[in-house]
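I have a structure I would like to understand better, so I am pasting it below and will then ask my questions one at a time.
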Amino acid sequence: MSNVPYKRLNKDDAVVLLVDHQTGLISLVQDFTPNEFKNNVLALGDIAKFFKLPTILTTSFDSGPNGPIVPELKAQFPDAPFIARPGQINAWDNEDFVKAIKATGRKQLIIAGVVTDVCVAFPTLSAIAEGFEVFVVTDASGTFNTTVQQAAWARMSAAGAQLLNWFSVACELQGDWRNDMEGLANLLSERLPNYRNLINSYTKFTAQ
Amino acid sequence: MSNVPYKRLNKDDAVVLLVDHQTGLISLVQDFTPNEFKNNVLALGDIAKFFKLPTILTTSFDSGPNGPIVPELKAQFPDAPFIARPGQINAWDNEDFVKAIKATGRKQLIIAGVVTDVCVAFPTLSAIAEGFEVFVVTDASGTFNTTVQQAAWARMSAAGAQLLNWFSVACELQGDWRNDMEGLANLLSERLPNYRNLINSYTKFTAQ
Amino acid sequence: MSNVPYKRLNKDDAVVLLVDHQTGLISLVQDFTPNEFKNNVLALGDIAKFFKLPTILTTSFDSGPNGPIVPELKAQFPDAPFIARPGQINAWDNEDFVKAIKATGRKQLIIAGVVTDVCVAFPTLSAIAEGFEVFVVTDASGTFNTTVQQAAWARMSAAGAQLLNWFSVACELQGDWRNDMEGLANLLSERLPNYRNLINSYTKFTAQ
Amino acid sequence: MSNVPYKRLNKDDAVVLLVDHQTGLISLVQDFTPNEFKNNVLALGDIAKFFKLPTILTTSFDSGPNGPIVPELKAQFPDAPFIARPGQINAWDNEDFVKAIKATGRKQLIIAGVVTDVCVAFPTLSAIAEGFEVFVVTDASGTFNTTVQQAAWARMSAAGAQLLNWFSVACELQGDWRNDMEGLANLLSERLPNYRNLINSYTKFTAQ
Amino acid sequence: MSNVPYKRLNKDDAVVLLVDHQTGLISLVQDFTPNEFKNNVLALGDIAKFFKLPTILTTSFDSGPNGPIVPELKAQFPDAPFIARPGQINAWDNEDFVKAIKATGRKQLIIAGVVTDVCVAFPTLSAIAEGFEVFVVTDASGTFNTTVQQAAWARMSAAGAQLLNWFSVACELQGDWRNDMEGLANLLSERLPNYRNLINSYTKFTAQ
Amino acid sequence: MSNVPYKRLNKDDAVVLLVDHQTGLISLVQDFTPNEFKNNVLALGDIAKFFKLPTILTTSFDSGPNGPIVPELKAQFPDAPFIARPGQINAWDNEDFVKAIKATGRKQLIIAGVVTDVCVAFPTLSAIAEGFEVFVVTDASGTFNTTVQQAAWARMSAAGAQLLNWFSVACELQGDWRNDMEGLANLLSERLPNYRNLINSYTKFTAQ
Amino acid sequence: MSNVPYKRLNKDDAVVLLVDHQTGLISLVQDFTPNEFKNNVLALGDIAKFFKLPTILTTSFDSGPNGPIVPELKAQFPDAPFIARPGQINAWDNEDFVKAIKATGRKQLIIAGVVTDVCVAFPTLSAIAEGFEVFVVTDASGTFNTTVQQAAWARMSAAGAQLLNWFSVACELQGDWRNDMEGLANLLSERLPNYRNLINSYTKFTAQ
Amino acid sequence: MSNVPYKRLNKDDAVVLLVDHQTGLISLVQDFTPNEFKNNVLALGDIAKFFKLPTILTTSFDSGPNGPIVPELKAQFPDAPFIARPGQINAWDNEDFVKAIKATGRKQLIIAGVVTDVCVAFPTLSAIAEGFEVFVVTDASGTFNTTVQQAAWARMSAAGAQLLNWFSVACELQGDWRNDMEGLANLLSERLPNYRNLINSYTKFTAQ
């Protein structure tokens, strides 16, 4: 068994990469329902903002059929670096994108995108090859069907990427609830309806 | 084949019944994911408001473990009749609930609730027996698992209830997009992410 | 739509029939997991006892490979009529079984058994033909796989049987929580872990 | 509820129709695995032989790509009427087929075939229209996928066909185990591995 | 059981209605994979042409986000009545659409569309109410998910619509392979890859 | 292939960690049905007691919406170390928790909890990094859905954790049935209904 | 990437281990249907015989509820070493079992059994630790459900076992069809109904 | 984590191997629907042609029941090396096949075939052992069912093969859309109906 220290997500060393969440491309996603996927992507956006992580947006041909970035994401990060790639499929092939990442000085990449097998997998594999630690947010990344999803996960995992979900990202970054209990609770309440229900039941009962 | 005229939903003859969407009870629902279910229930709430349908809320023991009504619904309908049933499991057994319905003078009941097999099925069966037309909003009604769901659907359908989804309710009430195109588009855009994507792509492309 | 009054389950007119829940036959059931099925069957037993419904047990060749009745059921109903059928596959073909039912003077049959397509479907069809109202407890009845289950449900539903689940049976018999709130809550708490969790959270919070 | 007497399968009034179980057509079946389907079809053949039911075989273009009838079925019924239809898709449109049925003087048709939505559904609908009672053996009938299967079932059920599985057919015809216990046990043992296991355990234990 | 003669599809009495198969709306469909759905819709188009059935196309707001009709369908039926509805959600509410149907003098409607629960279900219910026989092509009609699909099927079936798949439509219209063996084989070969494989194996083997 | 000796679970070197099985949090679990999950968790509790393994309980904010530990677990281990964490999400960040583990002097950690991706995965990764052998009891650990489950399993497996189920834990610790045949049989009988059925059939048959 | 030569199954170096395929234990298997599982296990038996591989049978408590070995396997290998283990759960803990393996002088173990997570996984892990190459026949090994199956597969794969299916075992041992074309074809024809259909179509067509 | 540079697919170093896509063998495939599978295989053919990759076809006994290669593939590559293997199951055991690969001087093998667990897995394992980089196109490779598929994927992944889908292959080879935007768009449009819909909507909207 490994003796390598557990490399946790660290809010001072992590950067969020949101790749090709565009109005057209998202219509290709069928490994999540549209509502689940929207909720997961926006939850990851919430996390980036909550932990003040540098966040980089990129799109592929947003003037063509792929469509513009979903407006909610653009609205969440009005001032973030936004790289509209002129043609590179692998975002890592775009110098501006890599420069923006390196400018943060951070080594942990939290990545999500559409479609998982291309727009997420390619930069993930490239970044690992350059020594970055890559954390793939599986449920904020979508693709054509679960068979494709599973092959893409297997390829990235075999290359050393860590697979996790947005909830794990939030919890690993937070570390201790006491760092900002209300803040995290608000975030979770908005994105996990059953957690919101627990809070509402609790509030009602303890007020009785 | 039937020669009975198609009884459409009519916004002047319909009333919406939201039964037992409570913070505790919803945690029992597993035939929809929490996000899907929340989205569906709020969509039905949006419809009731958009078409100005009389809406009646009811809960079962909301001071006990079943929990309070989900706050979003209460907020959508602050002035609607709200019947906190003291014990009747079948809402139709509660006189105030039936009175509230009859007070509207309407004969078409659009019903949804938690759990489908009890809180929806029982008043549905009772209302049909009294001559009402009942439209069960299947995707805004949740229960323990799909096996239970399917048996409950079969029982209600055999008794004459019409099974449909919230999107059908919206479209059948609207009839013609020209009645309020922007209003309906806004409603759908909020609850159908892929429809929102279509609109955003369209807006972008036609502006180019 | 029907104008027939809703025929509810009535605890003064209902009898419970538990058909062939035997240790060997249950190993054939694969449309429910073993734990789910055990829980559902025992829940129906709990209901019969709670509402003091006359209950009739029957088995098919319990000295052969089909095995004895599961001991928990026998223990729940030590004094109930127990008809070990010498050969009739359709329990309705056994005079003693039908006599035991008719001796109760009741017309509503709540039936569950193994396997659904034979041991439940056959007596259901026979009883309907003789004018009984039959309520099939779908989740306390098991069979080889869901394809067989679905065909059996369709056959019984087309013949006029009402399909429902054990939770619906409990709630329809109870009618009003106030009839015995603690009793029903205990029953549900034992068989619905998430409901038990709600109660335990509630108790904790309101005691704080 | 219906007061119509339950029309049971009666071994003196039933005839088995095996429609288009051909080597080519079966390769189109994907709503059952190949092994499940083979087992189910041969089980139905076993039943026909065990109860000495008149059995009629028919094929569609067996000299073309549809392929010959599966040899096991032909071997089970070497002397049965075998109608190789020259072109009629609905076997009921073939005079010889209908004549063969009517020659038996029987009114209960037990039918199975490939594909369910055509080769089973069409003669089922035709036969019901002529006053026959039709019992569709759902698990010895296969088609392209479960969506097609479900629509075909719904169409036939709505027309008055009874949907059931081969095990129900066997049990309903047998009526009482004592009619030939060993015979039926042998039949089931061959086609239900878990039932065979029960018998083998039983034999071992009682011999100890 | 019914004594009503089986109302078969009749190529001299049938008309095909293709409702709202538009490039935007189809991106909402998730109860079929995109490839399956495309194949099914085009197969229905092939059928309409092969049997020379009058065919009527209609769209909803094709200048807006719903998008234009898929070009393949328009190409298949360049001269068919094409009704671009200005706002009516239920195509039956559009006078031109109903007039086009009535102009054919035919009483059997073969309908498919997007989404099933609205664009198919509404005109289906309306047409049945006016005495038409309606055949819903379930696999050339798509919607948001299978839960919505199942409720829509149940609603239409309960109203008297016949549910079937495109392959059944083709076979019921053809009646006898000898009417045009090569033509039908070509049609099926294009849309059923495994049937094409059978033909290719057959051709190879018989040529050896 | 590995030449590393198989590191088996050893009842003298193993400790059980039950993390955050709380009444509120469990309502978030949807990758197992509530009954399956309850049964699996209590089975693991049974194992810990049966093999007299040191067991450590921990909770996260049990005075808030997460709710108290499920009473059955607390009842099983009234004297076990119970660490109510004041805020640390990763239990390994809580000194008392790690101290309690180290106080046992054991190196094999058998861990289960809610939710898998956080409350199980984080301490698993931390413990491996410190040289412990970690055995994740996959079926006594629950989370939001199977997609999240699969990503969490992949992450832990890649880090060197062994994934297994409670039944494997029991069998690997037992080693030889003869160590206490009746004891293990009782344990399994309570948690595996089909195994109980085997025993009951056996007892009946051998007594005949 | 690995430069290790591909270690193929070699019929001169392989031995087959059939672990605990007993009549009682098999009733616990629910990750395969009973028919699929029976077919897969017997196919593996066929392979062992066809390639004349030394084969070792073992059972656990076959005089108790676990039941005797399924008679078909015993009949296939009447003279094979048969080790009825008196209590060891891990067959590798039984000296006679390991001796029987070592007596063959072979280093490739082809293993299958019931249940996968215990009776297969334990000896697999033990054998790898002693330097054997282990090939787990995944579809001739069964367990409680697919969640347990997946965890067991992951554990064995991580330890260096090769996962494969019985068809791969047959093909890898055969190497070249010309080694005995008819023999292998017969074997496959018996266990793969669709392959049998291909052969029957071929025979018919080429004889025309 | 790995420091190995990401080995991307390179159109100057890749060769495509299409193994045993034969009319008979494809009828055995049930882990993809026939339409999905046909579309995926032809998409891979399109890719090979579009990027002018050397492509090698091989078949197993194409004069027997396995059937001829599907004509579409043969038509796509009329001049490609075509090795009709006389008996070797593992194509790598056929000297001509390996020679044809080595003649290209390329080291990256893109492989797909039927069935995955044999015709793809065996040459994949052999080629890796000889130092080739192997990219398995998972969705253009089919087999008996998903259980077999998953075991085959695990075996190949553990040996160092990269699992991916045809869309990833296309995108990784293309690198930059600007290399031939129209060409790639045409390719994708033909094989991804929802992408075609995006393009058609875009064309319509921007032309308005």
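Per-chain residue numbering starts at 1, and chain names A, B, C, D, E, F, G and H are given in the order in which the chains are listed.
Heads up, the rule we're going with is that a contact is a pair of C-beta atoms (placed from the backbone, for glycine too) under 8 Å apart; a residue touches a chain by one contact, two chains touch by 3 or more.
None of these values were measured; they are calculated from a predicted model.
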**Study point:** Copies subunit C and subunit B - interface residue numbers shared by over half, same or different
**Key:** different
Study note, to complete from the structure: Between C-F and C-G, more contacting C-beta pairs sit at C-F
Check your understanding: So, what's the distance in Å between the C-alpha centres of subunit D and subunit C?
Key -> 30
**Study point:** Inter-centroid spacing, subunit D versus subunit B (mean Cα positions, whole Å)
**Key:** 43
Study note, to complete from the structure: Between the Cα centroids of subunit A and subunit E the separation in whole angstrom comes to 41
Check your understanding: Rounded to the nearest whole Å, what is the centre-to-centre distance of subunit A and subunit D, using the mean of the C-alpha atoms as each centre?
Key -> 54
Review point. Among the residues of subunit H, which are close enough to touch at least two other chains?
Key: 24, 27, 33-34, 67, 192, 194, 197-198, 201-202, 208
Revision key, fill the gap. Here the pairs of chains that touch are A-B, A-C, A-E, A-F, A-H, B-C, B-E, B-F, B-H, C-D, C-F, C-G, D-E, D-F, D-G, D-H, E-G, E-H, F-G, G-H
Review point. For the complex, which residues does subunit C have touching subunit D?
Key: 24, 27-28, 60-61, 64-67, 86-90, 93, 115, 117-118, 121-122, 125-126, 128-129, 131, 133, 144, 147-148, 150-152, 154-155, 158-160
Review point. Which residues, counting only subunit E, touch subunit A once they are in their complex?
Key: 27, 30, 33-34, 145
Check your understanding: Along subunit G, where are the residues that touch subunit E in the complex?
Key -> 198, 201-202, 205-206, 208
Revision key, fill the gap. Listed in rising order, subunit E residues that touch subunit D in their complex are 1-6, 8, 32, 138-139, 153, 157, 162-165, 167-168, 171-172, 174-179, 181, 192, 194-195, 197-199, 201-202
Check your understanding: Quick one: in the complex, what on subunit C touches subunit F?
Key -> 23-24, 26-27, 33-39, 63, 67-68, 70-71, 192-194, 197-198, 200-201, 204, 208
